[in-house]
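Worksheet: one structure, shown below.
Chain lettering (A, B, C, D and E) follows the sequence in which the chains are written, and residue indices restart at 1 in each chain.
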Amino acid sequence: MAIPDTPSTTSRQPVLSLRGISKNFGAVSALTDVDLDINAGEIVALVGDNGAGKSTLVKILAGAHMPSSGSITFDGQPVTLANPAAALKLGIATVFQDLALCENLDVVANIFLGRELHPLRLDEVSMEVRAWTLLKELSARIPSVREPVASLSGGQRQTVAIARSLLMEPRVILLDEPTAALGVAQTAEVLNLIERVRDRGLGVVMISHNMEDVRAVADRIVVLRLGRNNGIFLPGASNQELVTAITGADDNAVSRRGRRTAEKVQGEQP
Amino acid sequence: MTTASDRNPGALLDRGDERLKDRSGAKGAIRGFLDRVRSGDLGSLPVVVGLVLICAIFQTLNPVFLQPNNLVNLLFDCSTVGIISLGIVCVLMVGEIDLSVGSVSGLSSALLGVLWVQWGWPVALAIVAAMAVGFVTGCVYALLLNRLGMPSFVSTLSGLLAFLGLQLYILGPTGSINLPYDSPLVNFGQLLVMPHWVSYTLAVVPGVLALLLGYRKAQRRQAAGLSSRSFGGLLLQAVVITVALELVTYYLNQSRGVPWMFALFVGLVVAMNYALKRTQWGRSMTAVGGNREAARRAGINVRLIYASAFALCATLAATGGLLSAARLATASQQAGTGDVNLNAIAAAVIGGTSLFGGRGSAYSALLGIIVIQSIASGLTLLDLSSSLRYMITGCVLAIAVIVDSLARRSRVSHGRA
Amino acid sequence: QDIAGSTVAFLMPDQGSTRYEEHDHPGFVAEMKKLCDSCKVLYLNADADVTKQQQQFNSVITQGAKVIVLDPVDSAAAASLVHNAQAQGVKVIAYDRPIPDTKADFYVSFDNKAIGKAIAASLVEHLKAKGVSSDGDVGVLQINGSPTDAAAGLIKDGIHEGLKTGSYKTLAEFDTPNWAPSNAQQWAAGQISRFGNKIVGVVAANDGTGGGAIAAFKAAGVDPVPTVTGNDATIAALQLIIAGDQYNTISKPSEIVAAAAANVAVQLLKGETPKAETTLYDTPSKLFVPAVVTQENLKAEIIDKKIQTAAQLCTDRYAEGCKKLGIE
Amino acid sequence: MTTASDRNPGALLDRGDERLKDRSGAKGAIRGFLDRVRSGDLGSLPVVVGLVLICAIFQTLNPVFLQPNNLVNLLFDCSTVGIISLGIVCVLMVGEIDLSVGSVSGLSSALLGVLWVQWGWPVALAIVAAMAVGFVTGCVYALLLNRLGMPSFVSTLSGLLAFLGLQLYILGPTGSINLPYDSPLVNFGQLLVMPHWVSYTLAVVPGVLALLLGYRKAQRRQAAGLSSRSFGGLLLQAVVITVALELVTYYLNQSRGVPWMFALFVGLVVAMNYALKRTQWGRSMTAVGGNREAARRAGINVRLIYASAFALCATLAATGGLLSAARLATASQQAGTGDVNLNAIAAAVIGGTSLFGGRGSAYSALLGIIVIQSIASGLTLLDLSSSLRYMITGCVLAIAVIVDSLARRSRVSHGRA
Amino acid sequence: MAIPDTPSTTSRQPVLSLRGISKNFGAVSALTDVDLDINAGEIVALVGDNGAGKSTLVKILAGAHMPSSGSITFDGQPVTLANPAAALKLGIATVFQDLALCENLDVVANIFLGRELHPLRLDEVSMEVRAWTLLKELSARIPSVREPVASLSGGQRQTVAIARSLLMEPRVILLDEPTAALGVAQTAEVLNLIERVRDRGLGVVMISHNMEDVRAVADRIVVLRLGRNNGIFLPGASNQELVTAITGADDNAVSRRGRRTAEKVQGEQP
């Protein structure tokens, strides 16, 4: 459990830094005293059990929620992210877990929402071309970009949400389970993309429950448990180590299932 | 970039998916239309069919109905509530409601009467003042929603009562106020029609524009590697539009002609349609109505959007009030009471704007108000007691919408509600 | 001038009182039939909506009406209708409610202001006769018609004049939205809480609102109900008078007025100038003074003049009261 | 089963999560209340505060306002529209609307007059017939929605007109019809109050029930290993409820007493509350209003739910119409017109039922109608011109809801809209 | 690509069998001529690219959509699944990809929706106890079951949706990406659960983009591509084989990323 010295970090000052962030919803404390640093040119993986508070943290960074307490600094300056517009203005792009798409708008309109070309005379042709290009880049399989998002499959929607975040030139990009609903090819493209983005010097936060993917791309793995920091790992950490930190116990469902499966295989091939 | 084996790899950018049926060419267009019939995706066509049905019935019952003179009256009458309904479309788009449009329109006509006739202000100033009051009203509703989270149903209900009181109050000492008959404003509301050559010329514009803009767009799309409509199709459409409009104009010109007030209404509808469909503001309105939180997360200033919707609605309501005062030549105590609210909202809904936000179009106000006024006008041509008139209005209204509902029903069963 | 086949329109304002559909319209049609069998009568009711009335007005002109009998929803707004009609050579007869701002071709009516005055004066007289003193805090309530109805305004003015004939104070006054009886009832109930037995009478502008006031007194357990007025001589009100709950109403055998309007219409169609008895607002007019109906003259005014039949009024519960008044 | 290290492993089944703050005991209860204040989760408390504010103002302006006699009137007046509003709660719960409740109530009072007084039917039969008409009306709306997908806004708007016509038509020959003052029905609507001992006894019931049921539930929860309310808390609550109710009853008994009609209304509210909160039907209503498709996928017969909502609403509207006829002792042509629709809908909304479905409670009808009628009653005690009356009604209505909005506002900023 | 002879199948007649199913949405054919058999005591994995039509197929089986053409037989009897109630009645339980929960209802109400205990006097205590038990079984981390579902995290919601499907005693259970949003422990529990359910003789259809999970539990793997059947595999099939069938190309994003990553590792350790 060592705080790592990420080699690919270009500057020593974190772009975005959280200190002592807490968030209460009524009687539930979703986050308690969480710290997090995001450096430029670095992929931070945020992992944790269901309900550990990962999305809540991301929403706070995206300006969608206000923290109950704690401070946020961006480029060393203390900032208040009072609303998503403020976060976007600082250059924080976000793919939310619940996608936050407008079901009644078509794919093109969703991708460009809030950033339309030619506000007074929308340039639909250019937007449509750009949309197709982005989607091709993500290996998306969407028959038509002129259908309302309501008619898309789960994975197609997720692709649209990711395409949205690629439009602006952000400083930091937050991806909340970006590949959860994606097919194998699309997942591969998104992982490629995340690496490309990191190499361009952006700070990336990725949330995922897929430890393999996490270890494949992350430079640093931050674990949350029941709303609290529960360790920081290097991608070299073993699966067992990570799962223990996430579940808070050595003996957990994963290890038990692993043992059981192994026994069964042995039992079958005596 | 993957180059997964597509059936037609050299195809257009937006036609690459092999699951898309080919819908180019005349045959494709027809099949596409049948597809849309089957899946209930026909836009306002069903309401138009309902309208045609209503007209046919009334025409059989009393041939005066389709006489040009009656139609000209109809157009005059559509314009005032139509403009109010256009404002309603705005607030419905963002999923809110304004119950006070009737009162606001009544107040604005009262203001016109008092300021212009009683206090002797120049008419233009009085008009601006009345519209300004509307604008401020809308802003207050938006403020109550944005800052206090007060549902618009309640705030505008309060407004309905308060402004009705204000209207009566400022008209109090005198009761209704007559506007001068010979003033340009009253003329505009009662008599002014386009010179025939103007109406014929204007009737050409939509077709020509559709052709030119359509052609330019098709070319741009082609250049960008996107599918595009054929020139033949565009031309056909333009010719149909032009011929239809010229015929209607010719017919109306047999009587007095096309009212300028109606032209104003249509102009506002077209402008609103452009604003809703082709500007960032309109996109934001639709987004806020569809999913407020998603719009907020996209960085849209949701509060400003609400403010614009309410302000526009109340300003249009005030405008409608001014025009109905002009039409009546009176700032009446009754102005804006009675059916105005319900008709304005119903017109928007009948035309296809959703009460739940995010779906609608400026044209729904035009179409809806024509349906409502046609029923009203058709029934005045039949010798009926009020009780029967109410019953029939109810039934005919239902019929007009049933056509639409039947068409849309398949939409649901095809999984695209 | 040959008037055969001409069209005449009869435009009424609202459903607030039943007289228009029950009496005025049939009366007008019947008289027209007598005077000009082939003439066509168009009838429309504007349901208290000014804009609707304008649409109906334009519509009947489109249908070729040469004379329009108009009972305006808004007397001021009617001015422009008259103006436009006259510009197209169509004659307008103001009916029931006057059109002060523009000279109509004729005005035929019961006098609304006179109605107001009559019911109030009759109430004052009755109270005086009963020996009710006007000293101290006692007084009457005044329930007017709809605040957006011009005719209600006229009745209200008349009531004010009528009350001046006595020295009874007006405790409180109320404009009933939409002439709705239930609104009148709620208001009256409130005043009963406020003033209790200081209320000696209620001047209500029509039978519906009067009925609302009576219901409020009954509900408050006030017995006997103070003197309550009405107007329109609806069956319901006449029955209340028979039962002794309501004091008076105004009999408006509207058929008479309607017939007079039909006569004027035919004369105008023929191009003649109808003879006027008086002028009101510069308009040649014929005004009928309606009769106040109380228990004393109910039989004479209503039954004997065949406005209603005894059978209609004297249903089971009112049979006894009828007998007392000599109505069989 | 994982046994991840919980802070308190031996804890109650529903208190196992260490992120949950402890909210047991008196101190916990207070903290929990503060939590709720802060997060705007106060139910109907804010509206009650608004109501108290209104009462205080009117009481200062005219001390008659809170006199028992005036309050008894108020309760009578609340009952009729209140029952209609209760039906509105039903349709709002499933995200639909009924604009025709006013007309249906008017029609039902007209039917009562004609059938009972004119045709001489037994009063009970006339009542059943009128309610049956309401029931069928609701079923027709549901059919139009279920089979044709016709939006209820339009179908009930058609109904509004058609039934208004029908009401005028059947009252046509005579106009208004008097109902006999000495009949039990009119008595019920105007005079009938509970004997004092009955009212005092009934006022004990809620507290006792709350205590007994609460205690039984707490025991069952304890037995099942769930957190439960302490007996002390339950007792305190029961005592407070009982004392409050007895005081109100005592006060009202200083005048005539508690109207049976109001008792009927409250009884219906309680029954509806039970049905909505504690039965499968109510759960299904809430589910359909919240997410129609999810409800359908859970196997709920969505069409039946819609049908029940509309049928209930129209039947209650008819009932309200009967009672208002009884209250007025007249089947009037104006019954159901004017403010009835708007007041019934506004009462539900002011009480906290959402216009968009899935959120609401039967109590909102009770609370909302009391707010509306208090304003109306307060204003009848002041000598005001109509114009001022309208303005003040608007403003006071706004004030009543602003309190609620202010409380709820923090709800949004706490991310629980 | 061999149609396998599943050993664990208890009966030879499939419980549920689809023949020639097609589904059009306007101009898009989401499914064309799809066949599928589901046997009792067998786990069928349904895999395919985003938008391949997997969810559409599940929705047809669940009665949520009507097919445009094709026939369905249940226990050898032709059936029409006109609405979800019909499917539920036959014993087909479904976890939808979009979860289909009522956000305004609390967790208990959602789990028991349509199957409440004591319809006329809801037994809230028993329902709450049962809900907690089910959730514990799934290793869920939900602070309170009396909060509306709107306030739950993505994974918590998915757990609720799965718990729902365990309530009834179904013959067939359809799981559309049941573990997409789940944490590692929860995923392990759900995989255990799926195996337990199969062993009880139920037919299981599982959709997933995680090939590892698929191969771990499936008895048969059915591939859909662009709305058509594209082969049936045994769990022994290699990743490469499956991905090729899914994407329709040997050279795909996955293989390319695999090669690139391998090269990079080699490049770094020369």
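Note that in this section contacts are C-beta pairs under 8 Å (C-beta built on N, C-alpha and C of every residue); 3 or more make two chains touch, one makes a residue touch a chain.
Quick caveat: nothing in here was measured; it's all calculated off a predicted structure.
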Between A-D and D-E, the pair with more C-beta contacts: D-E
Centre distance in Å when subunit C and subunit D are each reduced to the mean of their C-alpha atoms: 39
Separation of subunit B from subunit E, taking each centre as the mean of its C-alpha atoms, in whole Å: 46
Chain centre separation (subunit A, subunit C; CA means) in Å: 76
In subunit E, residues with contacts to at least two other chains: 25-28, 139, 141-144, 151, 185, 189, 226, 247, 252-253
Residues of subunit D engaged with two or more neighbouring chains: 2, 4, 17, 19-20, 168, 172, 293, 385-387, 416
Subunit C: positions in contact with at least two other chains: 15, 21, 147
In contact (per the touch rule at the top): chain pairs: A-B, A-D, A-E, B-C, B-D, B-E, C-D, D-E
Sites on subunit A touched by subunit E in the complex: 25-28, 48-52, 54-56, 97-98, 139-144, 147, 151-156, 158-159, 177, 180-189, 191-192, 209-211, 216, 226, 243, 246-247, 252-254, 256-257, 260-261
Residues of subunit D that touch subunit B when the two form their complex: 97, 99, 144, 147-151, 153-155, 157-169, 172, 293, 342, 346, 349-350, 355-356, 385-395, 397-398, 401-402, 405-406, 408-409, 411-412, 417
Residues on subunit A engaged by subunit B in the complex (per definition of touch): 62, 64, 83-85, 88-89, 94, 96, 100-105, 109, 113-116, 119-122, 125-126, 128-129, 132, 136-137, 139, 141-146, 150-151, 164, 185, 189
Contact footprint of subunit B on subunit C as seen in their complex: 15, 21, 42-45, 47-52, 54-56, 58-60, 62-63, 73-77, 79-80, 83-84, 101, 147-148, 150, 153
Contact footprint of subunit A on subunit D as seen in their complex: 2-5, 17-21, 23, 32, 35-36, 39, 41, 413-416
